[in-house]
Structures are given as structure tokens and as C-alpha cells.
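Please find one structure pasted underneath; my questions will follow.
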Amino acid sequence: MLITMQPDSSAGDHESVRMSLRMRGLECHSISSSGTAAIAVTAGKVTPELAAELGLLNGVAHVRSTARPYLLAQRAARPEGTIVNVSGVRIGGDEPVIMAGPCVVESLEATIAAAQAVRRAGATMLRGGAFKPRTSPYSFQGLGEEGLRILAVARDLTGLPVVTEVMEPEQVDVVAAYADMLQIGARNMANFPLLRRAAASGKPILLKRGFSATIEEWLMSAEYILAGGNDRVVLCERGIRAFDNSTRFTLDLNAVPLVRDLSHLPVIVDPSHGTGRRDLVERMSMAGIAAGAHGLILEVHPDPDSALCDSAQTITPATLASIVSRTHLLTAALNPLAEPMIPLAAD
Amino acid sequence: MLITMQPDSSAGDHESVRMSLRMRGLECHSISSSGTAAIAVTAGKVTPELAAELGLLNGVAHVRSTARPYLLAQRAARPEGTIVNVSGVRIGGDEPVIMAGPCVVESLEATIAAAQAVRRAGATMLRGGAFKPRTSPYSFQGLGEEGLRILAVARDLTGLPVVTEVMEPEQVDVVAAYADMLQIGARNMANFPLLRRAAASGKPILLKRGFSATIEEWLMSAEYILAGGNDRVVLCERGIRAFDNSTRFTLDLNAVPLVRDLSHLPVIVDPSHGTGRRDLVERMSMAGIAAGAHGLILEVHPDPDSALCDSAQTITPATLASIVSRTHLLTAALNPLAEPMIPLAAD
Amino acid sequence: MLITMQPDSSAGDHESVRMSLRMRGLECHSISSSGTAAIAVTAGKVTPELAAELGLLNGVAHVRSTARPYLLAQRAARPEGTIVNVSGVRIGGDEPVIMAGPCVVESLEATIAAAQAVRRAGATMLRGGAFKPRTSPYSFQGLGEEGLRILAVARDLTGLPVVTEVMEPEQVDVVAAYADMLQIGARNMANFPLLRRAAASGKPILLKRGFSATIEEWLMSAEYILAGGNDRVVLCERGIRAFDNSTRFTLDLNAVPLVRDLSHLPVIVDPSHGTGRRDLVERMSMAGIAAGAHGLILEVHPDPDSALCDSAQTITPATLASIVSRTHLLTAALNPLAEPMIPLAAD
Amino acid sequence: MLITMQPDSSAGDHESVRMSLRMRGLECHSISSSGTAAIAVTAGKVTPELAAELGLLNGVAHVRSTARPYLLAQRAARPEGTIVNVSGVRIGGDEPVIMAGPCVVESLEATIAAAQAVRRAGATMLRGGAFKPRTSPYSFQGLGEEGLRILAVARDLTGLPVVTEVMEPEQVDVVAAYADMLQIGARNMANFPLLRRAAASGKPILLKRGFSATIEEWLMSAEYILAGGNDRVVLCERGIRAFDNSTRFTLDLNAVPLVRDLSHLPVIVDPSHGTGRRDLVERMSMAGIAAGAHGLILEVHPDPDSALCDSAQTITPATLASIVSRTHLLTAALNPLAEPMIPLAAD
């Protein structure tokens, strides 16, 4: 059951609805922002009589039952879409956002050089790993907090907000202290304790799709964050595991228009991990934007062949610059017409 | 082993090379056209001495060994790319080609109406099924030769060349008698007797990727046709089978830049089958073009909800018109820059 | 709609039911044998009144509507199960059947030697390829009719019935002239013209599952054969395509109890193709039998390392002998208890 | 590089080897137990000269380079196999171990009743969830520590050692305080911080395979635990994600002989999650044992239809009793012959 509030409803109206629900023993969660609010009943039975009664309360626009298990993440909870503001960079609007940087923070000098190259190429956010999930216990696991400090310095010098991965609940506080946005990696998409703790930080969260997660499972993970009171979630498609090993993963661009239809959350794509091959990154970046993505996240290194990790999928700053300028051209060509391409689902 | 001829080499030069090979008991196949020719040694051992000797023959540009099992289909056999001419429509050049039409030929009137709508919307080829592979033996299996006659009438009235599926070797002659291009469906990609017979027809062939074929298997199926002396092959990505059933198939756009890199053959995409959902077709069409596809094939019906098959993935002529015009905008925005996006593989 | 006849109903009773249906413009197909018969209405609407009326006809046991698209292949059409007799070898009963032989027929001498080794090891049918579907047009494609003649000689010398693959409709007659059972390969599971022609031969048919076919698609392909009037169909699970390339394919044993539950047709497994690794064949053979398979089909060669194809997955006659004897031990241990392990679906 | 010690080597011999390595700046990890020890060089370059020198040290059996990234988990590190003792239950020997119990701990009474039913049916370990990873934030998430206390009571009453899931690093201590064995769930197979913390507890660990993890990734996760100084690891195959949704997951029994070949660690299978259908559980249990599994883990409930979670895949105690007795029959039939079925990899 989803209760949508009128645009001009007040905080008091919201509270009245919530109190009505609680008095009847129902549990509810809500998302709200300037403009829209929705309240989802997450446990307990809403009778038709109660639904009718709720519809008469001040400020209530609609009371509807819904077949989708992701109540707060569904498009109907905020039909106009969500824009996530990351230290001034707006994700979810008409202008795609490009995040770029090295796979892993290697040193202060290298990171500053990379960040400056990224900024010169026209990207607007910096990515880089301080805590790295590595398949082998014997591989370099990242610089940890030292890496976070380096990223913060790079941000201060370039003005680029930083997104970096957090791997376990106990790391959330320290990562949140340095980074502008927390990344939940693909392997942790269903790490529910981590999702809860990250939600509680109040930070914007980049939620990567697990490489064999269904669209519904992905949106349920977003729901964990929204139900935790944090609606600053950006989805990221980063490739699924399929049967052909000519690419490392298979970037699933079908997911882009699909989640734009199903959810109000912004969605970006990661062609670096999605293909694992640097020669495919530019084409798949264009394809991602044309599919409707709100941005890209890319692995870039001044000298890709010497990168400490993910070398095969890392592009040069020159390629990044080309992607940035083509993204603008492509957006300008398609944008005036973009809206009707994503019809709202009838549900 | 692949022997590439010089652009200005003569037919006699080619024949000399082939004779040299045959005299030594080696088997070879070749592709040629105005501009380029390549000869592949497909059985027998080429010693370094023989390779050196062949390199000295008149008209020979390169003699190289190759790790790829698809000899004639590989990019190096025709680095400048192949353009397939289908009754005047050129596939493989800068301008994407849009093929559209109903899933199945239902009647003469409906097909003429559909073809006219398709032409008005700006598409340049007509698709439609006369012989239909159906999962159930009890489903409508198409009108057969009567359907082919109807397609031919629709072509004559609209000027749109016709592509239609052929399902078994014995049907090749009759389909070739009516159609401008033969389609090999996804379920028949590895139907080798059919590939051989279709190759022998000399007709242009649209070779769909099997829904769980690797890129290499797909190119090996193209190799069957090329080795049969027919180089008029257009590849078509139409969706792979993955784990999430929120779409019917998963359109794999990674395949587009990948096969453009690996092969000289043109490649188009089929977002109708690739997604199975009409609300995703337009976005995925744009993504396909941005990924570098040489064209699209789309299921269109004046009244999609009443279509006899594939209704859920069929778009209206109005959506087709929108796709055609956006394809032009997108191509104009990206094309001047397109070349460097597909770097030639080092091999 | 499925009409099941009483065990003691007569041919005349069946004909009366079919005539009743045809007179009302309904289409029907049937399977019958000593003991059971079922008639499926495959086109047209059966009203509740008609259903009630049909239920009163002589010899009719049940009239039921069914949600399954495979009408004749479903378990309810022959609850006691089908036994397919291949020149005296019964497939589908309590005793598992072991088919074995080389991937491809190489020569008369080698084939006779292999067949004798197979018989000595205790297998009861001979497999071997005369027409081979090969990924590369340049690979050895089998000896063709000469290979069929060799297989027939090997059968005559050893008494082992022969199963061999048929790849295209035009080959059905010649293969049927020599072989005891026709194999439809995985790549041809959805080659509907081939299924129809093979059905018409009246021969027993081994229908391999396509490597990315769903269970339902597989049973629909069986339905093509049953609807063609041939109920001598044995299903064969031979591995699906999954994401891990540490095995060539992934033998899907879940399919075995599942199709035994859904269908009355016998099912065997092919651990050679299903794993692609000879060191896994014996264990997976045992697992297949324990899962409920009615038999195995195995690639065997006196000297596996010198086999012309599929060498990596080919076992020795000694391993085959071990598999045969363990199959008997395992069947003896589990069989008295086997029935309750496969409960009939409620539908 | 892997250094295997002689069976009669002393702790001092081991220490000498480790010191030799450290003095040269190389990093190493080791596993040891009565009978065997192996030392893996995990960082730094071993020259042929050093390898030869190490081979001469007291107690060293072999010094070999290895292509496998999982050094301590590979079969060569302990060729005779590992037996994990869980409070007296030995996993990895000739006798399969059956773990069974409810999906989730519902109440004290229900858990005691379930545990007693499980013991009566002949199983030797109790499973049950106190902390539950749930796709929805609104679903019941388990009783937490209260659930652990209940499991401990059930163990004390029945004598069955308890295995239960731990979901995050911070839970390891509390779960280890109550449980006999820690389960790492499929969604957490690549949760590396959790693996490290669980390893440090010293407790036996049941490591489920991620549902789209390759065999190599799975063994690398085991390597994290072994490198953390804990060799009490039991692997568990629980179904992979494939394309057919007629089962919830696809139990991949190929993994069983494969990991027995590649690794010395015991491996069990989970047919409940692996199929998601209770009517397939018994057959797939038999198949798992026949494939070589060292045990089974099964969801059982006195009244499956009323179970709070996973009802569709939960069997009755009567079915469990049938599985236990058939497991004995099957093991008795196959065991005397079992060894040669799993040949040691040549590596």
C-alpha cells in the first residue's frame, strides 16, 4: 500500500497520516523532499475501509495498493524522479554526470595527477579505491584510511567530489568522514547489514548492481537504504555475468530504461567493469547515454598499462575527454526529445 | 594462414596464388571484391619457407598466420569493411539502415498497409515472416509461399527490399525466388546444412546470433557462408538468454563494437526480440546505434495489440518514425568522430 | 484440454471421441499404445457443456483442462510412463540403458573394434557420428552415408542397436535406413522442420536438450514429434551453457527428476558433453542414475587421446565397464524404493 | 610456489623453512595438521636456485611451482584430504554427514521439536537461522541472539552440533559463542572482511558457493580463510543462477567432483536451495551423494506448509528419514569403489 501526498501538503499532514497508521498497529516508512512525499505501509493489513478513510485525510493525493515489493523505490512513490546532489553535482537531471579516476589509490602524487587529468578531461566527480575487494587474499588490498586521506586532498585541490567504496559496516564512519559519496560494490549489493549502516550515514550512495542480481533484487537493495531514511541513492549498472568470456562481464543496458521506468532513482553505467576491455569503453559509454543513463563511471589512468589493478579496462585521459565531449553532443541531439522515450509504467 | 592481396592486384594474381597452394596439396578459400581480396589456407601446413615464397608472388600484400578460427570473416581479411548491397540499400556504410515490418505476414491487405506505413515512417527495408519457427506445433506457422508472394507484392508497391526467414535447406530456393535477403533465425544459427544452402543461393544473408552463441561461434557461422563463396553477410544481434526474466531476452550491445573490431562484416541490432518489450524498443534502438550498429530491425504493426504474434514487443508506425528521425540526429552528432571509436585489433 | 481413455477402451471408442471433436470443428492429436490413450484438443474452444458431454462417451476416463502447452508430452497423458523399444532394448523401465561409442565414425576397423569393446564393457547400444555438426566449416564433417554403412556393419556384428545423429530433413530417410534410433542434436532441438520429418520416419528418436533451452521448450520440441504421430521419444539432458568455463557445459541433473515429473517420456543423460572432461564422467554418470535417469550416453574410444573429435571428454572401455557395473549396483540399492521419489505432479 | 613437508617432519622443520623464506623477504602462509603440512609463498619471487636450496632443508618433501591462485586450498597442499571435526561429527571421510533443520528459528518449542525430529530421522547436525539475510527490509529478519540461544538449547537437548549463518563481521563473536560451525551464506561468499573475521574465530566454517561464483572464485574465498590460519573449511554447493526459472536455482553437481579434484577440502550439497522445490530434494540428494559429496544440508520442518520461510523447498521429517537411509544404502553400494572415481589432477 502506497500513500502519495499532494505537492502542497505540509509536514503536519504527513505526520497525521503516519499517526493514523500507527494507531491501527500498521508499520510505515516514508520518503519525502521538497515537492513530493510518499508513505508506504510495510506491515499490517489495510482494509478497503481504512484505505478510503486515509484518502480523506488532509494532504493525501492517492492511496493505492501495489504489486511491487519495492515500495519506496518504485516510480509511483516519486513520479517526477529523484535528483541526488553530491556536494553540488546533481545526478538524475538532464545533464549526464561523468565520474572518473583510477581503480585504486596508489599514492598521493599519482592520485593528484590523475584527479587533475580527470578534471581537465571534463569529468565532474572523482572515483578511486581505498578499500578494495580483491579475489585473492594475497593481492594488494588498498591503502585503507591513508587512501581516503589522499582522495580528500585530491578533492580539495580539484574541487571534484569523491566517490569511493565501503566494504563493511564498521568502515562506514571512516569512509563517510572523507568521501562525498559511498559506493556499495557489486559483491556487496546484498550485504544487508552494510546497506543499513550506509543508509544511516545520510551520505549519497552509489549502489552497484550485483553481477547476477535481477532488476527486482537490485531495487530491493535500494529499498533497504530508502527504508533506512536515506533517499540519496544512485543506481549503477556494471555488467552481468553471462556465458561468453570474450568480455569480462556483459554490460546490460536493457537495465537502464527498465529501472528508469520502474523506479524514480537515477541510474548510471560503468562500461569499464561492464566490458573489461578498454577498446569497448567509449562505444559502450555512448550506448549507455543513449539508453538513458544519467551518467557514467569510468576507470582512467594517465598510463593505463602501469595501473596497479584493472589495467585491461582502464582508458587514458584523452579517451575520457573524447567521451565527455561526445556525451554532450549526444545529449544535445537526443535530449529535447528524451521524455517520451521513457513512458511511465501503468503498473 | 591468411594471404591478403594488394588493392591493385589482378584476378590472374589471385589465381596464381591459389594454384601455388593447390599444387602443394593445401586447401584454400577466398573472398574478393573491388578493392580487396584475401585467401585463407584452410587445410594443410604452411611452412615458413612457403610463406616467404608466397610473399614474393605478384599482387601479394601480406602473408600472416592467425590465431582466429574464422579466417575469412576476420577483420584482417578486409580491413576497410564490407558493404552489403540489398537491391540498392547499402548496409555497412555510415548511414544506418532501418528494416521494419510485422512479425508475420497476415494477409495481403494488412501487409501492404504495414509496408506503406513502414515506408512513410522512413524505414528502407521491409521485414515479415512467411515461414515462422514456432515453439508450439499447434501455433500458426505462417502462410508459407503465399506469404512470400504477398511480401513481393508489398515490395513492388513500396520499393522496399524484403528480408524474410528461411527455416530449412529445401526452402532456400523458393524464398530466394521472392525475397531480396534471406534471414537465418537465431535458432538456426548453427544449422550448418541451412547455412551452406543459403550461401549457395548467392543472396544477401542476415545472420542472427543464436541466443546463447558466443561471439566466436557466431563468426564461425558467418565463416560457413563466406567459405561457401558468398560474402554478402550481415550479422544481427538479437538478445541473449540471461538469468533475469524481466525482459524476454537481454540485448547484448557489447557484441556490436566487439564484432566490428573482430570482423569486417556489418552488424545490426534487433531491439524487438532483444527486449521483448515495446516500451524499451526506442531507447535500445538509440543505444544500438550509439554502440556502432549499422542498422536496426524492428517489429512494427499498425495496431500492435492485434498482431498475430510478438504483440508485446511490436511498436507502432509512429514510434518507428520517431526512431528513424532520432537515428539520423544521433548519427549526425556522432558520425564525424566515429572512426577512432573502433580501433582495429592488433590481433 | 486432454481426454484420457480408460485402459480397456477400444479403438472404436477412441475414434468416436475424435469424430465428436472433428464434427464440432475442433482439431485433435492423440497418443496411444497398449494400455493407455489420450486425445488432446489442440485448436478450438471446448465449452463446459461439451466437456461434460465428452465425459459420457464410451471409454472416456477423464476430461480435464490443462495449463501446460505440451499436451501429449505431459505426464497426465500417460501416467504410467512410456517405454521406448529400440530393436529390443527397452528404455524407460527399471533397468538403465547404457549407450556408448566413439564421437565420430573414423573407419570400419576402428568402429568394429570400438563396438566390440563397448559390448564387452556391458553397454547395450552403440552410438557414433556419421553426419557431424561442426563449428568450423574446415573441420572433418563425418563420413556421411559411408559412416552409416559402417555403423550398420558394427551393429550386425555385435547385436548392439545403433543411434546416430541426423542433421537435416533431407537426411532423415538415409539415416533411418541404417540406424535403429535417430538422434536430434542439441543445436537442432528447435529445428522444427527436422523434428517433423524425423517424426514421420516412425523411428525411435533421441531428443537432446538444447544447451540453453528451458524445460518447457524442450518438452515442446518433444510435442512436435508426438503430434507428428510418433511417441517413441527419449529425452536426453546433455549440459546447459552457464557462466563458468571450468567445464565445457554444465550437466543439469535437476532436469531429470523435473521431466520425469512433468512428462511420461524416458530421459537419459550425457555426461560426456555435459562436462567435457573425462575425469568427471564416471562421477556424473552415477549422479545421473541416482537422479533418476533411465540411461546414459557416453563417448568411448579405445585410445581416447587419439580420437578424431571430443578427445578431452572421451573415456576408455575400462572406465565404461566400471560405470556399467556401478550403475547396476546403484540401481539395485535404490530401485526397490524408487517410486515414491518421483511423486506425480498435482498439475 | 608450494612447499610440501614430509609426513614425519617436525614443527621445528616447518619453522626453519618459514624463517628461510622470511629472511629473503618472501611472505608465506601455511596449513598443517597431524600428518601433513604445506607452506605457500604468497608474495615475492622464488628463484630456481632458492627452490633447489629449500628442497634440501630438513623435512621438505616437494618444492613445486603452481599455476593455481589458491595455494593452500589446492589438493596438492594436502593430498590425503581434509577432515573437519565439528564437535565430534567428522566431515570429509567416507560417511556422508546430514545436516538438517528449519530455515529459520521460530520459537523455542518449535526448534526443540524440529531438532528432535531431525535426530530421530537420523541426521547428525542441526541447521537453523537466527540472523537471516532477507531480500526485503520488511521481512522477518530472524530472532538474532535469542535465536542463537534457542539453537544452543536444542543442541544441548539432542546432542546435535549446530551450524548457523553469520552475516557481518561484528556478529562473528556472538555467533561463535553459541554455534559449533559458522555458515557463510551464498550472498556473502565474496564478503572478504567477513571471511577474515570468521577465520579468526577458529571455528569450523561452512562456505556456501555464491550463486554465480566460478569454482575458482569459490576456492579463492576458501583461501581467505585458510590464509587466516583456519583450515576447518567445508565447501557447500547450493545452486547457481541459470536461465530457466522452473527451478529457483540450478544445483550444479559438476562442482562436486571438480572441487574434490582441485581441493583437499570437504564438499557438501544443499538440494533445498539448489532446487527450491521440495519434490526434487530427495532425488537431488541421492544425486549429490553419488557425485561424491561428503554430506547434505537440508531444510526440514514438521509442517513445511506453515514454515515461516522457504516453505516451498522444505521437506518433512519423514522425507528426511528416507534420504538418510537411502544415503547409507547408496554409500554402501558405491563406497568400496569410490576412490578411483576421483583421480588426482596432474596439475
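Here the chain labels run A, B, C and D in written order, and each chain numbers its own residues starting at 1.
The definition used in the following text is that a contact is a pair of C-beta atoms (placed from the backbone, for glycine too) under 8 Å apart; a residue touches a chain by one contact, two chains touch by 3 or more.
Fair warning: this is a prediction, and the values are worked out from it, not measured in the lab.
> Going chain by chain, each one touching the next, work out the least steps from chain B to chain C.
Shortest path length, in steps: 1.
> So which chains are sitting against chain B and chain D at once?
Under the touch definition, chain B and chain D have A, C as mutual neighbours.
> Please work out which of A-C and A-D is bridged by more C-beta pairs in contact, and write that pair.
A-D
> Indicate the whole-number Å distance between the mean C-alpha point of chain A and the mean C-alpha point of chain D.
34
> Hey, how far is the Cα centre of chain A from the one of chain C, in Å?
49
> Mark out which residues of chain A touch at least two other chains, giving numbers and ranges.
Residues 212, 241-243, 245 of chain A touch two or more partner chains.
> Could you pull out which chain B residues touch chain D in their complex?
Those in contact with chain D are residues 212, 241-243, 245.
> Looking at the complex, which residues from chain A come into contact with chain D?
27, 42-43, 69, 71, 133-138, 167-171, 187-188, 190-194, 196, 211-212, 217, 220, 223-224, 227-228, 241
> Which part of chain A faces chain B closely enough to touch in the complex?
Per the touch definition, chain A meets chain B at residues 212, 214-216, 240, 242-247, 250-254, 256-258, 261, 274-275, 279-280, 282-284, 286-292, 322, 326, 329-330, 332-334, 337, 340-343, 345.
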